[in-house]
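Letters A, B, C, D and E mark the chains as written, and numbering starts fresh at 1 in each.
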Amino acid sequence: MTFISYLKDGISLGSIYAIIALGYTMVYGIAKMLNFAHGDVIMVGAFVILTAVTKAGLSPLLSILLAVVLCTVLGVVIEAVAYRPLRKASSNLAVLITAIGVSYLLQNLALLIFGADAKSFVTVIDVPTLVLFDGQLTIKGITIVTIAACIIIMCALTFFVNKTKPGRAMQAVSEDRDAAQLMGVNVNSTISLTFAIGSGLAAIAGLLLCSAYPTLTPYTGAMPGIKAFVAAVFGGIGSIPGAMIGGILLGVIEIFGKAYISSQVADAIVFAVLIVVLLVKPTGLFGRNIQEKV
Amino acid sequence: MAMLEIKDLEVFYGVIQAIKGISFEVNEGEVVALIGANGAGKTTTLQTITGLLSPKKGSILFEGQELTKVPAHKIVSLGMAHVPEGRRVFAQFTVYQNLLMGAYTRKDKNEIEASLAEVYKRFPRLEERKNQTAGTLSGGEQQMLAMGRALMSKPRIILMDEPSMGLSPILVNEIFDIIQSVSASGTTVLLVEQNAKKALSIADRAYVLETGKIVKEGKAETLLNDDSIKKAYLGE
Amino acid sequence: EEGTFKIGVIGPMTGDYAQYGTNVYNAAKIAIDEVNANGGFNGYQVELLDAGDDQGDGEKAVNAYNDLLDKGMQMLCGTVTSGACIAVGAEAAESTFLFTPSGSAVDCITAGSNEFRMCFTDPMQGSKSAQYISENGLATKIAILYDSSTDYNVGIHDAFVEAAPEYGLEIVADEAYTTDSNTDFSVQISKIKDSGAELLFLPNYYSDCALILQQAADAQLDVTFFGVDGMDGILSVENFDTSLAEGVMLLTPFSATAEDEATVNFVTAYGEANNGETPNQFAADAYDVIYAMQAAANDAGITPDMSNEDISAAMSASMLNIEIDGLTGAAKWTEDGECDKEPKAVVIKDGVYEMMQ
Amino acid sequence: MKKGMSKTSKNNYITYAMVIVIFIVVQTLSATGNLSRLITGLLVPLCVYTIAAVSLNLVVGFSGELSLGHAGFMCVGAYSSALFSNVFAETLPSVPRLILAILVGAAVAAVFGILIGIPVLRLRGDYLAIVTLAFGEIIKNLINVLYVGVDENGLHVATSSAGLNLAAGGKQIMKGALGISGTATLYKDIKDYFFPIGVVLILITLFIVQNLVNSRSGRAIMSTRDNRIAAESVGISVTKYKLMAFTISAALAGVAGVLYAHNLSMLKVSTFDYNLSILILVYVVLGGIGNLRGSIIATIILYALPELLRGFSNYRMLIYAVVLIVMMLFNWAPAARNWRSRMLEKLKGAGKKKEAA
Amino acid sequence: MAMLEVNNLSIQFGGLRAVDGFHVSIEKGRLYGLIGPNGAGKTTIFNLLTGVYKPTEGVIRLDGEDITGKNTIEINEAGIARTFQNIRLFGAMTVLDNVKVGLHNHYKYSTLAGILRLPSYFRKEKEMNEKAMELLKVFGLDGEAEYLASNLPYGKQRKLEIARAMATEPKLLLLDEPAAGMNPNETAELMKTIHFVRDNFDMTILLIEHDMKLVSGICEELTVLNFGQVLCQGKTAEVLSNPQVITAYLGE
């Protein structure tokens, strides 16, 4: 039973990584950039919800909606102002560094506005805990919600990217921007759309992250952002199911590492497993192994 | 009025001027060839017309509309398609998906299906390979795909950048036949070619580009028999 | 200007630990305003320089220290975090008077004879905790959950573990987490639950503890929770459900909910100046530091025109003469710079601290 | 047929000259008392980060791989050398001890470079980036639980403080999250020379990197960056040369770590997290990928910026972020580049006209 | 004995047998052409010969030595160098350095000597420069030695690729569509250069080309490939008049 229970814990934690990784991988796969500010958009989303609920007294649903809208706008604005001018830069590292600048900017703005003190997140999602096997296994409501959200978002994104026209356009843009343009794809708006979706999902991720681990500071998004990056790579860059599976596995490994090896070196264990997996499968679990035509 | 009219076009890469004030026109139904040595600026010209590059000076009128003010992605729906140099197929898409991207701006499913059938008829190889990822196609196959993809938008004018590059002799002939049949079906063609002989033999008119300037123009037959052209571009 | 003392604060004002630095700075400001109103340092007014932000990092702390010296700093209230304090301590040794409110690692003030601290040392908190638990018969089977990547937590943990056998405590679970994964404690909590521990020792800062308490409640972990001074502040975490902290015990020198006049005044003043925030133990320590500096300054008879070295020497000598009764209790100082005061044990009852014994 | 100095070697000499001129200017200012303490304090850290940036540029700029674990190598260099210095604190005089410490730091970091490089360099692009990041974090996590002490029986290594079992009179050197403290104090006598030493180390780093890049092996390294398949087709072993770049870069990062560890009294592993790796990457990218002089200039500007912005107190990190974004756009956006080169042309044109007139 | 002996070479990509039972025998000093329709498998054969792909079946012998299954580097050392259909230069390096990378395994000095600038560094670098300039001169690229390779016009990039391949001092040089993207004049010039190289550098050359003028102009023998299989092999003139070749490849 303890094994099952640990597995459940791992999946709960992993589902949080997964939900962040889904938004991350969207931008990562299409715009071909590591958006280091993604984690901070998550933080902004969480702060918006918290402020809307506690200070403005909005209903939870309305607050979430507000956060999604604001984060979407934020994502689009960031892309237009800070990333778009660098789209044709001679190295794609340039935009990576700018993303880091944006990350600092969001953190420090939040610091000035909300202060440094950690705040507890309020209960926005109220789903009862599931009790199984006479209380031997309990699954928290938020976990169920997160996993459900993950699956829904994963399916929706997969469908969107593969089966809809804007989705196809996104893939074309990720392959070859100029050629996509020649096909009539508006590259700017496609990338904006990508950021809009990614950032909207960040707001949801912020909600779920802070509901599961109810603490919030201006730096709350940074570490989960990195872990989501790890999860996205783990699953295979640009692969939507990969992001989800990568996230969940990351969580499970972390929990098993703590449970069966040592809680002091759990981080090292997670990363060591990641390395081993990548050495065996160099493009991640679901990454396509693109052979270069010589 | 000409279908496509380029006036005093100047294009820069940073501080380097690649196009130094060229003017030319393409009339409806014509095949116009643009020939010139390596680095003359042929590709640059085509890319400027379809908005991938923006000119510093000059105007590009397509059916009376100023293209320099139209964003690149809107150009294809005006009826202009571009087969880019180096093919630029979507490497991870299948052949079929590439062709569908060509019809990105079109809505009517049945018509798209019809175009697809037409392209497959023109390029049976593409139908054979429709589920292969484009990146693993041979060079010639990719070239066919690039042309097929451009045709999927049902363009009124098609710009082709060295479509015969890397093709087998039989395919070169085929491609030129296809260009002719495309032209015969009413599509105007602006053709950039290194294979000047072939290009001139199917073109109505031609322009010769040298280091960013047009140095000669005229009827294709005339140029085909022009001594200096023969010497410089036909290898005779 | 001439005729005023200049005091600097160094601590994390941005970054992961910003809450500690800002608390110290805000409290120092309040204390200095009060001190100026009641006669200043030896009759001279005191000016608080802009906060020296170190983001909790030693190297940046040294930079901040140098910058403050450029700006005329004569005495230092800082630094806030231990690692940074050790780094600055080496620079300030025998040159600038250093008085840290919260640098609790042993080495923070060992570099020079002119270095003092307000808080307890980590090892002392560790062993005092063990002693307290044992003497009051709170438990014998102990579990620990601590951040193994942060010096404060490790310092207390190590000392506690060392002292435990001496006091007849058995450590049945010793679980860790790191700053990089400080949100999910499910495994650690279930291991602790399985270990049969009666008491969970939490030598961590309050923001982590808030999460731990929440998850422990979810897991229905039924033990006594025992914290140290870092736990203080938990009741004022915005939106925290204080019922989760019911029955939690901690050793702390300060309680923001105490009803003595000094505390009430301070908490009110702090809230007014900082849009309603409640000060934590860092703030209280910093507040006391300024008052202790005042006492020492008056005793030493220093004047603003003296050099940093002279001020430092005079203050250090006087530190041994003074005694203050501050927010964190009655305190006096030993020659090695340590503060001699008794930790107060409190228990959280109905959302407020209640003194034990 | 030697036609004077080639363009690259001229470029190299300009870089050396720049470093030396900056050094002389700084020394002069300092000798005449025109340097604030803040700036003086920044000098050695600047050397640390310059070395780190130049060495990272070898990997990012010349071998074309994105490494996010550079701080890990600094960390290894820092810890191994600090350990060495502490162990031999009594047996060796400070100058040879420092030299040996530098070599130890470089060697240990190089070994780690090889150990990590062999498996991971088979990966490409972002997969390689994530694995380097992972290694950095693993190193950090493991050192965090490492305790090392010495007594008359020699070196003891353990994973907890209690596990060391030191004999009486033994001394704990590495204390897990508490790190190593007091290393700088061992070098009090030569502390003033750390800046010149740092500058010499920069020059050596430049010497190694520039000469490597302009040699047979350097060309091989760059060829693997530009086109892996073509490089193999002419008989270049991609793995060998990527590994060479990675290892040399790691060794030099180790040297940066040594300087860091010996300049500061406090060595904490949490300093060397992925944020530091990213920060160094920021220097490299802002200064220009593959441009060593750019790395130096960018390091100086970006490291000093937040320190010089201290006057803006709360807003300084915000301003820093904005400036970083703006500088990146200005340096990298094609539009800005075109504008700059046009301006440059104009300036040149104007200059010529003047000459003609 | 032939310089290159290939027997029963095959490779399978998923369901596609891209090269199927390919065989060829090329004498030392020959100028040999490999032609065939697009997608016939010509480039794939180059990739097999140079170890980019591992054959599913077959044997490759170079000068009697079995090199089947060796990796690209070993094969280059054994004496095969190539150019690529889609140009692969070291774009951010100078033209001169591109060739010097090709010289890498023939002018050796240690990394340490390079860093410390020991005498061997100066000696070898001087030799390398001279050798590289000599090669560049053959292709008329000596004037552009300090240009970045990516700034060269297309035709010159192709030539630089050949120069770089030659720098590795191969016995067998594989050229994949060297005349692609060149106009007839440039092609004519290239033909002369290829001849010159063969004659003066003691090389065997196998080339893929679709430009019949070049093929009929300089190739002495040809193999025609169709659907991965050898359609026809022999003297150039004979092959080009083979009716099968005409229907499958040449047309008209």
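The working rule: a contact is a pair of C-beta atoms (placed from the backbone, for glycine too) under 8 Å apart; a residue touches a chain by one contact, two chains touch by 3 or more.
A quick note: this is a predicted structure, and the numbers were derived from the prediction, not measured.
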Going by C-alpha centroids, which chain is farthest from chain D? Tell me that one. B
Starting from the Cα centroid of chain A, hunt down the chain whose centroid lies farthest away. E
With contacts defined as at the top, give the pair, B-D or B-E, that has more of them. B-E
Measuring from the mean C-alpha position of chain A to the mean C-alpha position of chain B, what distance in angstrom results? 42
Whole-Å distance, C-alpha centre of chain C to that of chain E, is 73
Between the Cα centroids of chain A and chain D the separation in whole angstrom comes to 31
Which chain A residues touch at least two other chains? 107-108, 111, 264, 267, 294
Residue numbers of chain E (touch at least two other chains): 43, 52, 84
Touching two or more other chains - residue numbers and ranges from chain D: 137, 141, 144-145, 229, 314, 317
For the complex, give me every residue of chain E touching chain D. 50, 52, 71-73, 76-77, 81-82, 84, 88-93, 97, 100-102, 104-105, 107-109, 111, 113-117, 121, 124-125, 128, 146, 164-165, 167-168
As the complex stands, chain B meets chain D at residues 14-15
Chain E-touching residues of chain B, taken from the complex the two chains share: 37-39, 86, 125, 136-141, 143, 162, 165-174, 194, 196-197, 231-236
Help me check something: in the complex, which residues belonging to chain E touch chain B? 13, 35-40, 43, 85-86, 153-156, 177, 180-188, 210, 212-213, 248-252
For the chain D and chain C complex, residues of the former touching the latter: 36-38, 40-42, 45, 137, 141, 144-145, 160-162, 175-179, 181-182, 184-185, 260, 264-266, 268-271, 273, 307, 310-311, 313-314, 316-317
